[in-house]
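I am attaching a structure below and will ask some questions about it afterwards.
Here the chain labels run A, B, C, D and E in written order, and each chain numbers its own residues starting at 1.
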């Protein structure tokens, strides 16, 4: 089991020795039991850092934010930035590096092995009727502090599905790593939900998705939270259009409007299809998008579908290697083509 | 008008409201929302994920359609919402208060015909909160109450096997009169019980924003505080907090159209929100609220400073949605308290 | 006008004049209502123009309220809607709704000296004011117009300005001089400092790029102008023009209704989010 | 800015279009289309009056772009673009709507065909509306040519090009140039000695001031494009300095290692240090690294000791040369389909079953048996020799589907050569058809049949196997329907020609396509038979498909003349419909870089940068970029988006 | 709902957008023309440089604008004028097709083919088959934008 003090010491050392300019980690939130992301720049803040089953956020997002901030202020990064990263987070960082969003030496990865106990799925906990104010790891269990006292639950009962299915619950890419490598400890069959879903026929699948897509309010939380959605302007809309001094009137005037802003089915589905396509081979299944969706749209199914295609048809593993080309920018001579006439 | 409604009579009441389309809370795909009534009403819901604001201010509103045949002037066809009367059951007091704020925005200066048309046909049949619906409720501290009638046409209070039903507006009276038979007059005991229930509800512990009345001045003084950036550091700039807020009303107007002749399309209003990076970005690229800190400041200041300055009430009703649903724990209570706590 | 505040009137383009070419071209459009009379406006107000299928944009009304037959708009080609405007031809029909915003208190300024300071397309919002003041020339004392642009080619309303010379003191400037340029060479604020208009019984009205306004105000203060004597307009992104959509919000003001005209004294009270 | 004044011209094409498409209606509907300022129909748009009408209308109506609704752009796009240019428009603002091949000719229902013609035309109007005015990109050319492969094809091309005054680099992977022709004895139909006609050309190559000969070398990498390729050539060490080598054979005499001689197709042996054959060019010995005991005086060092002129140098290292060239001729030739594939014909296990080239070496005066036809197993004169044609060819189910084209001829030649060497021998030829198209070819075969009394049996051989000292051949004569059984002393298989080993790699390196049989693909089977699909790369010889020497030489000459024509211009014009990057959107993810088949994109300051000269405008980058930050000019996503809409309106 | 509509709309004609690469499939369709091979007029061709240039956005966009079917056609593998554009297309389009099928859009609405410049007959067959396969599916309403 990881000793939280080790993580704090690591962060403190890095900051004290001026090896990094900041550490992205988790701290206690101000409401409820959940941890929240924090960026600390002072060694004295290291003791704020926490590590518990509510550290579900994929912090790689804040590397992206940091990069955008630097670009905006035209500041030179100087020292690297450190980040606390789980297995999936580290894979996300690898994808970002694959896409040259930053260089390896600009990031100091404090790897956290999930040791097979993953992170919590709040909805599973809620469905057990538990309201807790704090959560902690303990061996293979989670321990919750509730109004009725301490409650111990086997982690696998309330763990996020993606953690149950995780093949490599370990940050392969790291500068330091805490915890044991429990790779191989897969608690549930990968793509289980996907498999179950695919047993339905096309008509049933549509009925299901139609209802899901109709519900989307296009708050774009799914996109905002995804470290892979780092584009300044998303192709599907004009939100956050990166107007610079070089952007011409022509460019501004001639943006293609692939989708409209109205949250109606046709636009929502195009948005989600596009997003799934754009995440093919890039999504690392951190499942943040699905977690943050306020209306419970099962985005993981879409991402898993793409992930499995990539793996099974093209032998492609997202976030496996910094040097690998992107899934859709490469091919194999014998890629499947049975579908082609 | 104060009446008693046996819980088993609720369906009978609704059945009598033939002219009304009834919306009631229902759980779909794991979330509570207001849906057209399907079967019996069960008002055992916790607060809905989305407030009922979409009923008067839908995510998408078509203003008018246009058709432009080459060489001819464009033809515009106004699209006013259909005048169906809709009664929404189970609205929580914070959302009632939200409607009051929305009404102000959409009638101040000039009246918004689309909003007004929908709103005048909408009746809120509220349900008092005997206890807070979630750990992030803070209505009391922002001038509301779990039993407030603000914004409601009718307020019901759960008394176990009965509801204590109060008509707040004329519409409310009409709603109740439509099924006069199902209601009974409250006894003195009923009145006592409801008083006690309300008192208990108000006494329940809630989170709180400190000194809302002093907030405008304090926020004004803290405009340049570095705390804003610090507090917004984790914010991902999504739209959850405002899209789910019962009082956020910012919108965008766009033309959705075909490019080929004849050009046909609609001018459409959609929700928009101040947390999106391009919300205020000028065409030149200059953005008055570029940073997340500035945007968080706008959201919080709008609710606790600007709106009070204009309308004499905070634009936050304490429903706690933006806290509970924020994926990274940005907490409006904490934010206001921290920022205002730094000024004397 | 219909009750529906979002429903534009139809207006026909009667005249188009190309003011400036190049990357940020400016064209001046005169539009006339397709049917009946159009709305009345005051100096400094603006209107929401639209090309159906492309969208709407907020543009200052650049013609004097004294002119009833048409309204004039000078539009810089910068984005989706404005670029589309630049492709329109005389006879094309557009949508227009307004007028929006407050106006310059011109009547209060009678008997005073007026100093207008404009840069680039920023001459447009104060143009109705200049022309109205000149139309009522006797009501005002000295009228001075400072106007500058990047180069002689970038000066809009050039011919009109030349014609005004008798009635007003016209001070032109360009950032970069070219052969044959006889007037001031340098930025507008510098020209103001150079010519030293007197603050006595004077109102200064400035409009242009934010950075220019900043330095103009600085220099006017140096010359002794009080905050109450300086007026400007601010342009925030606007979608509805009706104080609802939330974009132009600066502090408690929705600029589309409380602005765009502010005295520097008023503006100082608002947070700097414009 | 969108074009506001597009003109649409709808062609009747006589009755070709007008019969099924209501052209008047198309023109009329186009007139109501946004952005169209003028539209008309005309009976023959491409005729002089038609074209003049277009020019006139452009001028009269102040048009800024035109759409011609007519036949396929392959036919008249150029005509109309030139036309538009003459009228003062940019030629790239002229678009063709193909309403003939893609509409009128393939549909009957007039109403529906008209509807479709409207959609096609409308979609072209939308494309034209956003077409940018473009000018062809002028690319300076490097007046130097790379020829890959030193067979007769490569030699001929190199000489022709060099004679025109251009510099040539000839790269050959073997130690000598000459290719397969060098291995032939005499050549059909004239039976002149192969080496006698080839050697002088080889000498010319070696002496030509404009030719740099790089043998024992391979092309490793090619970048750039027509006019400006950059090639990376690996020169393997021969360990012998050709300048010093006196070809005295002293070294080979002391070399203790004996290996089969590939030049004689294993019929003879050679030493580790050897010369492929006496007249090799360059005239020098080569040390076969893989056979040598160690390139080390301690292990062996005999050859180095014995070489008086000190030509042998064990320290030679592979060298990488980088050359800039303007054009490339690929003449990498062929190899024979392996005997090992022919299981029913002995699978290469029977030593008296030879392939055609081995038989050539047997007949050659410089060959294994000094020109005496002796069978390999016991060096006796074979009396019954069976020649089998079409081995491995024309057998789509099991082997190569194509006809190897020359086997009929060389088998006839072999039968004849055999009969000349062994007049009392019997030559049997199994054939399926005799294909002897070519000047003097049919006569040649007839002569062999009649004068040389070769026995031609129509039919296939089903099996052969060793039987005692003989090879038993089982076949059928389909003319008589009889089974035939021959106990042969020797069997010669006319094996199919296949692309030489390494063709796949070279095709990949050069980014040129291959056909379904693996030969290098020409750009057009009829009209561009010597061009590859990549501009500036030409094909010659058997690398492109089976052929004999005259055809090889003719194609080499054709390739040479194409190269000379190409490089006679001071600059090349490159299509300007290339990719362009929208910098503010690009995040520098390099997806486009890996997607681009032409390596045309690099990253500069974190943004993609397109080398317009290399870009072919395929759009792979644009479909790959997640940010729509890169697009091909005049085929932009915005244009396609609007075209889609126009198709569905 | 589209199943029901299919029954009532008997005179339904599927609308197809066909993205044809310039070098092979467009030339192949020209050959069909030259050879006068008749096929239904339901498909409107859009010529693109290469099948590799067809972005998934084009396909989604066509469906959104109401196409009943979308065809992408390019050169056979190995024959791409741009060497490997069709390899990239094959992978990308596999993903789009899978994704559309996954959410329940009939996979038959989307087709990819290799048609060479010499395969006029094949082009016409591809269109014929596509139209026939689309007919029973009825109008595509799932992704179609409602512009009312």
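Note that contacts are C-beta pairs under 8 Å (C-beta built on N, C-alpha and C of every residue); 3 or more make two chains touch, one makes a residue touch a chain.
Small disclaimer: the values here were computed from a predicted structure and weren't measured.
Contact with both chain B and chain C is made by A, D. Between chain C and chain D, the least number of touch steps comes to 1. Within the contact network of the assembly, the step distance from chain B to chain E comes to 1. Taking the mean Cα position of each chain as its centre, B sits at the greatest distance from chain D.
Each of A-B and B-D has its own count of C-beta contacts, and the greater count is at A-B. Averaged C-alpha coordinates give centres for chain D and chain E that are 32 Å from one another.
Measuring from the averaged C-alpha position of chain A to that of chain D gives a distance of 49 Å. The distance from the centre of chain C to the centre of chain E, each centre being the mean of the chain's C-alpha atoms, comes to 53 Å. Rounded to whole angstrom, the centroid-to-centroid distance between chain A and chain E, based on C-alpha atoms, equals 35 Å. In chain E, the residues that touch at least two other chains are 56-57, 61, 84, 88, 92.
Annotation for chain C: residues 78-79, 82-83 touch two or more other chains. Shown for chain A are the residues that touch two or more other chains, namely 235, 243-244, 247, 250, 252, 258, 260, 264, 328-330. Here, these are the chain pairs in contact: A-B, A-C, A-D, A-E, B-C, B-D, B-E, C-D, D-E. In the complex of the two chains, the chain B residues touching chain C come out as 63-64, 66, 68, 73-74, 76, 78, 105-106, 108-114, 223, 249-255, 257-259, 263, 265, 267, 269, 272, 274, 279-284, 286, 288-289, 294, 298, 302, 305-307, 309-310. Residues of chain B touching chain A in their complex: 28-31, 49-50, 59-60, 135-136, 207, 233-234, 236-240, 243-244, 252, 254, 256, 268, 270-273, 276-278, 281, 283-285, 290, 323-325, 327-329, 331, 333-334.
Remark: chain D residues 1, 130, 582-585, 587-595, 603, 606, 624, 626-628, 637-638, 641 touch chain A in the complex.
The touching residues of chain C, counted against chain A in their complex, run 23-24, 77-80, 82-84. Residues of chain B that touch chain E in their complex: 65, 256-258, 264-266.
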